[in-house]
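There are two complexes below, and they share chain A, which is joined by chain B in the first and by chain C in the second.
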Partner chain A sequence: MFLIKKNEVLKLAQELEKSYAVYGPVVEKESGQAFLTKVDSVNDIDLNAPIPALPPKSVVFPQIEKILGYKYDRNSKNVDIKMVVVPQAKAIFGLRSCDLAGIQCLDRFFLGQEFVDDVYLLHRKQMFIVTNTCTKPFAQCFCACTDSGPSAKEGYDLNLTDIGDSYLIEVGSDKGKELCEKMGLQKSEAAHAAEKVKVVDKSLDSFEKEAVENKAWISRVMNRITTGFIKPQVWEFIGDQCFECGACSFVCPSCSCFNIEDFNKPDTAVDRMREWDSCSFEGYTRMAGDHNPRKPIEDRRNKRFFCKLSYSQSKKYLRPGCVGCGRCAWVCPGDIGLPNVVTYVRREITEREINE
Partner chain B sequence: MSEYKVITVPEVAVIKEIKKEIEDTSTFYLEFENPEVAKNFKIKSGQFIMCTIFGAGEFAVSLPPSPENDRFHISVRAAGKVTKVLHSLQPGDKVGIRGPFGNGFPFDEIKGKNVIYVAGGIGIIPLRSSIVHVLQHRNEFGRVIVLYGARTPQDLMYNYNIDEWRKIEGVEIYTTIDSPAPGWKYEVGFVNTLVEKAKVPVDNSVAFVCGPPIMFNSVIKDLVNRGMREENIISTLERHMKCGIGKCQHCAIGRTLVCTDGPVYTYKQIKTLGEQI
Partner chain C sequence: MNYKAGICNFCGTGCGHLLNVEDGKISGVFPSRNHPVSKGRLCVRGWHIHELIRTDDRLTTPLIRKNGKLESASYDEAVSFAVEKLKGIKKPSEELGFLASPRSSNEENYLFMKLARSVFKTNNVSIQSESGQRESLNVLYKGTGMAGMLGSIEEIKKAEFILVVGTDITKQNPIIGSEIHMAAMNGSTVVTICSRKSQIAKLSDIHLQCKPGSKKILLAAMAKGLIEKNLHDADFVQKYTEGFEGFANSLGSLNDGDIESLTGVSAQQIAAVVKNLSEAKTAMAFFSSGISGLDEDTISYIYNLFVVAGKIGKEGCGVNPIAGIANLQGTYDMGVAPDLLTGFQSIKDAETAKKFGKAWGADLPVENGKDVYDLLAAKKLKGLVVVDHDELIVRQQKAIDDLDFVVYFGAFNNPFTELADVVIPIGTYVESDGTFTSTDRRIQLSHRKVEPVKGIQAGWQVYSMVAAKAGAKWNYDSPAAVMAEIASLTPNYSGVKYDKFKGIGGIQWPCNDKYPQGCPRFNAGDAKGKIKFVSVSANFKGAEKNTEFPYLMMTGKAQHFWHQNNLMRRTFIPMREYNATLLLYPKGYVEISPEDAKSIQVRDKWPVKVVSPYGSMKVTVKVTPDVKSESAYVPYFIRDMISEFLMEHKELLEQGEDAIIPVRIEKV
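Moving on, here comes the complex of A and B:
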């Protein structure tokens, strides 16, 4: 473990800039909203920024991306197929622990199943991640309920924790260690590690007071959702509030459904693009000939909650699919973000009646 | 993470011949451009491929050829945006192929058993591979029964194959159409009535069922009523698919993905999935 002075912490990002395209939380002046973007200057990075509006999945799994390009000449019948290579190495600086958990979910899903997603792998294999411990939860946070915060436990290259006048740097990989040694950073002492434990404990203790918007007692409902022991009326009640906008899927750090489409360009070239998709859309399962095995919205809507909270899905991710960032509750126009759904299900469990 | 197969890039295949089967369905005989790919392309009955129509998109399609000694082909109905473009292609045009994907029908487990195929309309396409494969190994099975129904005589797929199968000894072929038609010398009525007529055995038997949902449900009911066990009824499901490798999630039904866990399921499994067929 190493130490770096508070006013020098961005030197780490400067060092990373030499070999990576650096992404970090930047606060937009007019709105006060934070965005995780590629930074022009590392001095724009604000480590105290609130949770970025969009999750970091846009860095490893862009919203729309070309995965294949081909040219097909109908006259000569020549086909020329080219896989698109993404050569740029990326570093994320100042990632929150919930968002790192989201990236880990994507890793386990895209790389850990029967097939490896080669496009995702191209993005992911040359990445440097610096996480940042949350010393204080934000209003919409519930990472304490989903075991993904306030401090990252694994999966980072370096983890920063604000311990007063300096940042404690925990090393999570050889790459991370090399960087710290190269910069000649000061080694930390046992007292600093103890200080970090205090910071994390204090952060956890302040959830009751600070994280007032969401409460999601996830472990209580996972069993119910897995066994399907929930009344259809509850799903109907939840489905009735869904506007089918798909926003919850787009801002979720662990949602990974995508669509693939071929786009013809003016010349004979065609781009095969993949783009984020959402299971709440009606066309999501519609087949050729207009046969759609899922019809009512409540039938489509509950798929997302099965995906996030059932045991069988959790086995794929080795954790619940929800990472407790609170973004879905933030954007949902119908007030059925995941924390609220958990509340509805819990209420049903205890009261056995959704509308008394 | 070190070893991986590039699965997003399709292999190019040439359309060698197009055979019109029924009104909106044709069979396309394909050949890979690269002989190396053709040599390594091994399929299992019941698997599917992702087929790219250049400039239009990609669709999932089941494989009707037998894994052994059969010409590589696909049979496709012009049902959607991409498949309609496929039907406008001519021999010599090229398509892209990814796959094969999916689990496939059990072949070794059903050896020694009676094998019953029940198909409705173009539901025979995914079953053809298994039928031909079983007929190629006829003496390894008990009774082999094929029950096939369509709306009219013009809606029967693979007429030329069925005529050949009728000649093979020890294969019971029943075909039926919905209502009488001039010149039709076989059965009349829905395909589930054949279950009774053929005296389908239920002990030591496996039934493969594929067809439109309404036919599927009535056949299953009749088979179960006769005493067929639910785990011995096997079907193959169709879903909207984009990737074929378990990533896009479009084919998710409950906890399974049709592309990697399926498309072949037993009725016992289908029943627990909790979605329409």
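Moving on, here comes the complex of A and C:
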């Protein structure tokens, strides 16, 4: 473990900039909104910025991207296929721990199963990740309930924790260690590590007071969602509130569903595009032959929460699909962000227990 | 920073978003969390606006039709040719029409209007894609002098009582629907009047599922109930209003005994709503002003009901028409109407006409113009100038084909270019600065985010070019300079300056000496003279069915079909969603209740024939409990349905959402 003075912490990003395209939390001035995006200058990075509106999945899995280009020549009957350009290796500086958990879920979906997604791999490989411990939660946070914060436990190259005058740097990989050594950073002592433990404990203790928007007792409903013992009326109550906008999926750090479209350009070339998709859409679940296993909206909603909260799905991600960032609650035009759904299900459990 | 703050350009809600600009292309969109209206939300359309803006299907060069084929030309050639032809039209006040776009910015609409009146000497300038908006503005202007929403979307959460009339608001303006839902979750009483079980009806505390065509009667019954039980706000009526007796009298002919049979809503239900309305300290009414909007009489009843209840002119209150297109309100504000100049000033007002004539250095035509659609129908038109628009095509393709000369200004390739003699490309809304006025009178500045496609000029530049060719000297160096001129001529906009647009959220007009930072709502004290009850008909006849045509059929919009899909078909996800419905019901559908399906002996997706006194169409049925027995609902989302069947009922459709067609439904 190493130490770096607080006012020098961006030197790490400067060092990374030599070999990587650096992404970090930056506040857009007109709207005052934080984004995790490619930085124009590392000096724009604001480690104290609120949790970025845009989830970091946009770095590895952009909202819309060309994954293939082809052109068919009618005369010669030749098809000319071109792969996408390999992007520059990326570094994310100042990632929150919940968002790192999101990337880990995406890794297990795109890379950890039978098929490896080549395009995702292009974005993800050689990536350098610097996480940033949340010394206090934001109003919408509930990572304490989803085991994804306030400090990252694994999956980073370096993990920063604000311990007063300095940041404690925990090393998570050889790559991370090399960088710190190359910069000649001061080694930390046991007292510093103990200080970090205190910071994390204090952060956890302050959830009660600070994280006031969402209270989600995740573990209490996982069992019910896994076994499906939830009254259909509860899902209907939830489904009635769904505006079918897809926002919950788009802002979710772990949602991986996508759509593929071939986009015909005026010069007859075709761009094959991949873009974010959502299980809230009827056209998403529709199959050939007009069969739709999830036609009513409440069935599509119930699928989303099964994906985020069931035990069977967690086995695939090796953790719950929900990472506790709270974004879905603030983009939802209905009132069915995940924490609220947990509340509705819990309310039903309570009623059932009383009745029984 | 590649995310740049802006405003969504689809419906009239005016949501804030941030566009991701990568390599000069828009490649993503994200909601704006600090925006006062949308607060981090977008709807399915808003979430996919980047798919539309990034399309390559653009007009990239001016085109002139030669020997029947469009051929590339320079701006100078195309503009010269257009001006020469348009100037050659002898009686422009009768033979030349200008059709504007409610998606263009205020600055572009203003210049387009100025071009028509001052350069080409015609007042035939209109939009008419959403006639209900004009009717709403007429009612509100007559009553209060404010031709715009009386309340504010930001204040929905302060309304204790919310009345939604007709509109399927969670589908058409989802973020306003969301605000209403959030208010309901926080304890406001939401009442929906709709003959179908729409989503907002399901989310309401009380759903008055009235018979098709009886909304007006229901509203009149509510007003009558308020007055008879002395639950109206007598102090407010006394202090601020005039015309109460006239309104009360016109309710006299409504027979209490008839109400239930006419509307299908019980007296107890109406009494409960009346009680809720009178007990609430604050209340708002919402209704669509769009293509499925209400007729002027029904809007007048909503307005009068809220005046008599004392629920306008203060915080958390208001009668609120909802515009369906981004700059629909702004387009009327800019005087894009045959009889109006900016800020709802009448062209017939001598002082106003003089003011404009002086500022523009031109003699203006004095007679009211005519609506472009009416002119087309009357076959008097010779020349037509159109901006970014092709809805007309559905109804008027033949009439346009017959014209001598058609000019089209637009950013995208579309079917209208096939009808044009000259096509002049203009930039999209992300390629130029411009202001847009959303449904709650909120003027918002949208900055330029990308460089225009090579060689393409912004609309305000192109219109200046046209004016210059025609011999007029316009000297605008920027959209800000255009706004300065608008402000100098428009009382409601007099305080608007580009410098004032700091951060996000815009300015709600009136923005003047009294309200230099704008004003969220109509305040009772600001009315010139007293607030007026507007005159209403005392006609309380319901829609009539008979044994031959036993179903009352309503028409409306399908979820993913939006303004003939000219924009939506350039997107991926919303288009797929539209196709999902289309694939299930390739010929469109008519919604009927399970009981009726049983009696006709059909099942879901079975074909039927819908027969009206004027025509018939073959569609499939969708069996749903969302409609009551003996009602039917047709959402139009297929062109054939519009052109072949519904257009035959043009006169009925002009009555707006309450246009009810009595039909018979036969098994095929």
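Please note the rule applied: the second predicted complex is superposed on the first by the 344 of 356 C-alpha atoms of A that agree within 3 Å, B and C clash if a C-alpha of one lies under 4 Å from a C-alpha of the other, contacts with A are read in each partner's own complex, and residues count from 1 in each chain.
We take it that contacts are C-beta pairs under 8 Å (C-beta built on N, C-alpha and C of every residue); 3 or more make two chains touch, one makes a residue touch a chain.
Everything numeric here is computed off the predicted structure, so don't read it as measured data.
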item: Superposition on chain A - do chain B and chain C clash or fit; value: fit
item: Touched partner set for A:Glu213, first chain B, second chain C, both or neither; value: neither
item: Chain B versus chain C as contact partner of A:Glu261, first or second or both or neither; value: both
item: Contacts of A:Asp147 with chain B and chain C, given as first, second, both or neither; value: neither
item: Inter-centroid angle chain B-chain A-chain C after superposition on A [Cα, multiple of 10°]; value: 80
item: Touched partner set for A:Glu17, first chain B, second chain C, both or neither; value: neither
item: Touched partner set for A:Arg286, first chain B, second chain C, both or neither; value: both
item: Chain B versus chain C as contact partner of A:Asp118, first or second or both or neither; value: first
item: Which of chain B and chain C A:Asp46 touches, first, second, both or neither; value: neither
item: Touched partner set for A:Asp277, first chain B, second chain C, both or neither; value: both
item: Smallest separation of CA atoms, chain C relative to chain B, angstrom; value: 8
item: Contact residues common to both interfaces of chain A (with chain B and with chain C); value: 259, 261, 277, 284, 286
item: Residues of chain C defined as touching chain A within the complex; value: 1-5, 16, 18, 20, 27-35, 39-44, 46-47, 50-51, 54, 56-57, 170, 174-175, 177-178, 181-182, 185, 199, 202-203, 503-504, 559, 572-573, 576-577, 579-581, 583-584
item: Residues of chain A defined as touching chain B within the complex; value: 67-68, 70, 72, 74, 77, 79, 81, 83, 109-111, 113-119, 121, 125, 228, 256-262, 264, 270, 277, 279, 284-289, 293-294, 299, 303, 306-307, 310, 312-313
item: Touching residues (chain side chain A, partner chain C) in the complex; value: 26, 28-33, 35, 37-40, 44, 53-54, 58, 62-65, 240-241, 243-247, 250, 259, 261, 263, 265-266, 273, 275, 277, 281-284, 286, 290, 330-335
item: Residues of chain B that touch chain A when the two form their complex; value: 1, 4-10, 12, 52, 54-59, 77, 79-83, 92-94, 96, 238-240, 242-243, 245-250, 252-255, 260, 274-277
